[in-house]
Amino acid sequence: MKILTKRNGIIALIVFAFSFPYIAQNDYYLHMLTLSFIWAIAVYGINLLSGYTGYLSLAHAGFFAIGAYSLGLLTVKAGMNFWLALICACLITCAIGFLIGLIALRTKEHFFAIYTLCVGYIIYLVIDKWEGLTEGVRGLIGIPAPGNIGPVTFDTAASQYYLVLIFLLAVILIVYRIIRSLTGRTYIAIRNSEDLAQTIGISTMKNKLTAFVLSTFFAGLAGALYASFIRFIGPDIGSTAIMFDLLMYLLVGGIGTLSGPLVGTLLLVILSQNLQFLQEYRMLIFGPLLTVIIIFYPRGIAGAFFDWQRKRKDNALSGVRGELHIKAEEG
Amino acid sequence: MLKLTDVAVNYGSFTAINHVNIEVAEGEIVVLLGANGAGKSTTFRSISGISKLSKGESHFQGMPIGGRAPDRNVREGIVQCAEGRKLFPQMTVQENLRMGAYVHRKKKAEIKDSLEYVYHLFPILKEKHHDEAGSLSGGQQQMLAIGRALMSKPKLLMLDEPSVGLAPLIVEQMFQVIEEINREGITILLAEQNANAALSIADKGYVFENGEIVVQGTASELLANDEVRKAYIGA
Amino acid sequence: GCNKGDSPVSSSGSKGKNDNVVNIGFSGPLSGAAALYGKRTLNGVEMAVNEINDAGGFEVDGKKYTLNLVSLDDKYLPNETGSNAKRLIQEYDTPIIFTPHSGGVLALQVFNEQEEFIIGAYTSEPAVTESGNSLTVRIPPNYEGYIEPFTTYAMENFGKKIAALPTSSQYGKDWTEAVLPHWEKQGGKVVYNSSIDFTKETDFFTIVTNALKKDPDVLFIGGASEPTAKVAKQARELGFKGGFIIMDQAKLDQMKPIAGSYETLEGSIGVLPLMDSDEEAVPAFVEKYQKNYKEDPSSEVGLNYIAMYAFVEAMKSAGSVDDAKAIRKHMQDGLSNIGPDQKIYDIPSIDENGGFASTIVVGAVENGKVVPIR
Amino acid sequence: MEILIQQLFNGLTIGSVYSLVALGLTLVYGILHIPNFAHGALYMLGGYITLSMMTLYGVNYWIAMFVSIIVVGLLGVLLERFVFRLLREAPPLHDKIAAIGILLFLEAFAQFVWGADFHTMTSPYGQVVNILGLTFTLQRLLIIVSAIAVMVLLYLFLKKTYTGSTIIAMSQSREGASLVGININKVAMLTFMISGGLAAIASSLASPINLVFPGMGHLVILKAFVIIILGGMGSIPGAIVGGYILGFSESLGATYISNDYKDIIAFILLVIILTVKPTGLFAKGER
Amino acid sequence: MLIETKNLTKRFGGLAAVNNVDFSIEKGRINAIIGPNGAGKSTFFNLISGFHRPTSGTVLFKGIDITKLPANEIAGLGISRTFQTTSLFDQSTVLDNVIVGHRLRTKSNLVDAILRTKRLKREEAACRDKAMEVLDIVGLTESADRMVSSISQEEKKRTAIALALATEPEIIFLDEPAAGINPDETEGLTELIKKLNRSGLTVCLIEHKMHMIMNLADHIMVLNYGEKIAEGTPKEIRGNEAVIKAYLGGSASA
């Protein structure tokens, strides 16, 4: 019996995550962790599209903001019930994502990246300027915390943590199932060669669009959770700075890997908290770190770990079967 | 003129060629035969300097060229016409040819002569000299690639599978052209799958298998070799 | 030239729940376009903290305490302010958190009563005190006080047509919405009104051209000092001869180097620079500040400095260093007990909403010099 | 009418700066296929270096600009050598991320060295000129004239010299360039050098009418991306034309549409263009 | 007729790459298209497979007009192809490449994926079975788990054919399947094509290796400058003056 299997590892992690509020010394750690989980949900969205389907979207901070503002406006201005508003916020984000995707996905590669960068910027500018709806720079204040579900309330840091944790686990499960399914294979085929995918009968537009909409869904969900967690939002949550942060989390963790978004987000959020003492000079370390990781570990920490693991396995095998084995595998 | 001694090249941990010994004398046509992945292109790359030797030595006209940069080699007269052509797709045919003469960029008159010579060899290129290289068909591109290589006035011209995907008529012409170039005094190193045609113009040949030379000899020896006939000439 | 060496960002190792140390929180823009502004507000607090500690701390209820300032960068983003505040409370148990922008203040007001900490609100936005938050202390004067003297001065000296080119922050927009109706009520005319986003623009020729085509007598401008000065300068380049009304965030003395000289700013009315104030404690203060920070102190330095002293005095009167409600309740005592050496501003009282009721001090540029206007 | 002409002049000034920045960006993109997000940071550094030369060492404006061109150009070379060269074989995404890393670093670096304040650069050409009721400052005229001169020189260099055409050749096939004897590493470094130099020229020219601060490159770079797509990624004339189109549309948009929404104009323009032509305005008709 | 083209024309700017070509492919036969470089052969394939839109003319599949259908729908009808420059999903294994080839015959969607429905499991099994089946046909069972980037040129060609077969086509278009592989292997490939044809698949291929074409094809069309210059059995073509002049040259044995 092996104890250190992957499955047991995951179970242990989940158990740890659930018991964390009892271990944490203060609510601030809980706060940071909850926040990281929210970012991670958005990063999973980006990963689905950029990592598996091959389309680097730089508009997702915008979708995050749309989710957040939808929830904020529906609850603050329309007085809607929180849970209903949460669902609506996700649907609104998806609807806008659908329309944008329909057009944006006609472009490819760098064009897509820059197109979406501009879309993201437009979303940000619209939120910033459309004062009648969004209150502009003033932002939305007083967004309610999640409403009770029966006897369950969400007014403590721990309960909010659990709420977000459950959403995060659900998102990971969904992404896991998708990439392991035929649908996931289809996305990966599109990433590898869109032309070829098309000639073997895959409707690339349909698939890209589904991936895009789903990824905006995750971004919107994260945004809505963020709004109700921080309870104050301003236009800047849709800015390119946020987009670059999300991208950094994804890349450092490992793009196109399942664990990458979580690993990257947790690591960088914690790191940047601990580098707070450097204040504005944090980026003196972060910038080069990002560049170095991309050069030497292009698939991020998760990717590097898998490579290392495979190499170790190979070495172990070659110990038994001699050198021939490797040759056969690579030649 | 060219001498490889016990050369090996690795891609990562994978050894693509090993123990390769090749000698090419001035004015010869030498052909490298071998199945896909046998190591022909890798040998070329090691000569032109694109791939670094992990073992052995290479000399050109008595000078070691093991660690020399590719552009330096071109200036010294080692020119490769690579697999996959590597043209400048949005430049016109003529601009492509002019770029071929990059190492002689100072000598305007010579460039003009070379251009005439290439157009003479491949009239179709003259016809299309204003078209973008990317819009040419596969065969036309192959001709352009050879033409471009000739523009740099090579001493040693390496042609990597020049007949791939060409119509029979063109293949025939191609080999005629190669002979003609050779007659002008250019030494030729040729990689081919089309062993029959290649050996018919070559002086000598080397047969690669799994990155090593398994048979070598003059063209007629190889043509007479049963093993070689069976494997590379068919029927 | 920046003062990185001497900003104690707290020794984050000591997680600060040491019995004799009171942690003071600060969250403001320390990077980005408003970094300099944020830094100056921080400098004010920091200078007070250092002075108090150098004097051996202070005594509350028979026990000696020292102060420890913990500052975090929020990039002028309200949500970051919120996040920083949570950290400051949880990790450092700070009874007071300073923040120098209205957005941040409003974000903190969402939960400061529940978490029980005082917001040291460095903003002139009246909205932050009108909301009835019981633990907010607004440090600078509410800008409404400037409206009347500014309007009167500009109208008398230059004329009735005004063009507004304010900064597009929340504070800037609210300011504009307050001043323009008043201008019209006094019989003036608004000929142009469009805000400028200083985070996105640095060349204002286009917009100033458009404003000047309406032939205004007075330009209403403001925001961070440096870009505001640029707007004024370009207006002059484009041939504007009238006067400027300058919102309170920009400071005449800081605008001067950008504008080139006070000549460019001739006819401007704005907040009287601290340097030009005739309060008795000012010269000594200026000297101390110049020695420590190698620059002239601005009013954001002075006001935050004096506010820090007021908070400490309030703690003494309240007999507690961590009961936010008690400290807030004794703010009036705090203000009254400020020593003569610190009295660089005259702040007689705090109103029931938490605003310092300081005397408005207004200055104008006349004949190339700043003169106080009464 | 008068206001129209004045605004056209303003558009020309802004457009000149945009074009110069976009040129550097499009060169690197066209040749090395790197969307260099750090280009804005090079622009920013250019401004700081010129400023420091003038204030710290009291050198003349033009000499300061020259130093700045060299320093930023060399910085470009370093970036090529130690970052982007290592990423040549990597997927395109990685270049973008590395560039973002560099951007974050350079901004923090500038703030570390020069602080977060806004600085002003006083050029010797602050004089105001009034012609026919139009107001120019000499500096603005200088921007337009110098920008156009630089563009002409660059064009001649690329079209008329062999070294210039190696840059073009390499943009189309790196291996092909290597086969004809071009040292691709040198060309890559040269490209980054020119690109950095252009950024330094642009910011040195523009700084006297703007402010120098760590974030000054942000919006410029975003717009430069819009421009190079507008003009066709990698197209030199496209970047120039695109820069002026954007300059004019902003100054006129602010006048006749809305000052608040004038920044959106550029981005909406781009979105419309890509909606109609997903491969950009001047893309070659592939497939 | 399985496939018919009528007046099919494609212009690139001024150049007529394919000019007024009428061609029909009978079910169950092996058809070949030959012609000089640049004659328009690949372009012709691109038109039928929906990769390019024709400038004019029509393409009929079993009598239905498919001229304007997108490439993926054409594949869905049972028309499959390979490319001249072998194109595969480089970053996957041989097996993974071929598994997606069967995707177009499955129906499961995102919801199935998220809920892991029975249908998804059934279809995944079907795809895997199909993949193993076609890998077996092309003789690549052994290499199933190798990365595509590490296999030889000839194995890639066979993988490409397997990928095309996984779509369950009625007709398969092969663009120079034997280019760049040696005579020995060409033999093997010829056998494979014959085998496929015997199992009922209609084949249409472009090839310059006359040796191979002549002993494989039932029917040959010759293109030159985009126009059809001859059509017929190998024997007829070999003897056709125009073809010899334009294409084959003296020794038609290469």
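In this document, chain identifiers A, B, C, D and E correspond to the written order of the chains, with residue numbering beginning at 1 in each.
The criterion applied here is as follows: a contact is a pair of C-beta atoms (placed from the backbone, for glycine too) under 8 Å apart; a residue touches a chain by one contact, two chains touch by 3 or more.
Given the structure is predicted, the values throughout are model-derived calculations rather than measurements.
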### Query
Hey, which chain ends up farthest from chain A, C-alpha centres compared?
B
### Query
Counting only C-beta pairs in contact, which pair of chains has the most of them?
A-D
### Query
Can you give the whole-Å distance between the Cα centres of chain A and chain D?
32
### Task
Give, as an integer number of Å, the spacing between the C-alpha centres of chain D and chain C.
37
### Approximate Å spacing (C-alpha centroids) for the pair chain B, chain C
75
### Query
If you average the CA atoms of chain A and of chain E, how many Å lie between those two points?
41
### Task
For chain A, jot down the residues that touch at least 2 other chains.
280-281, 330-331
## Note on the structure
Each of the following residues of chain E touches two or more other chains, namely 51
### Query
Where does chain D touch two or more other chains at once, residue-wise?
111, 116, 260, 263
### Message
Taking the touch rule as given, give the residues of chain B at its contact with chain D in the complex, in rising order.
### Response
48, 50, 69-71, 73-75, 79-82, 85-91, 95, 98-103, 105, 148-149, 151-152
### Task
Using the touch definition up top, name the residues of chain B that touch chain E in the complex.
35-37, 135-140, 142, 161, 164-173, 193-197, 230-235
### Message
Give the list of chain C residues in touch with chain D in this complex.
### Response
1-2, 30-33, 35-36, 39, 194-195, 197, 199-203, 205-207, 209-210, 213, 224, 226-227, 230, 234, 237-239, 257-258, 260
### Summary
So, in the complex, the side of chain D touching chain B is made of residues 162, 165-166, 168-169, 172-173, 175-184, 284
### Task
Within their complex, state which residues of chain A touch chain D.
50, 56, 103-104, 106-111, 113-115, 117-119, 121-122, 125-126, 129, 240, 244, 247-248, 251, 255, 280-284, 286-291, 294-295, 298
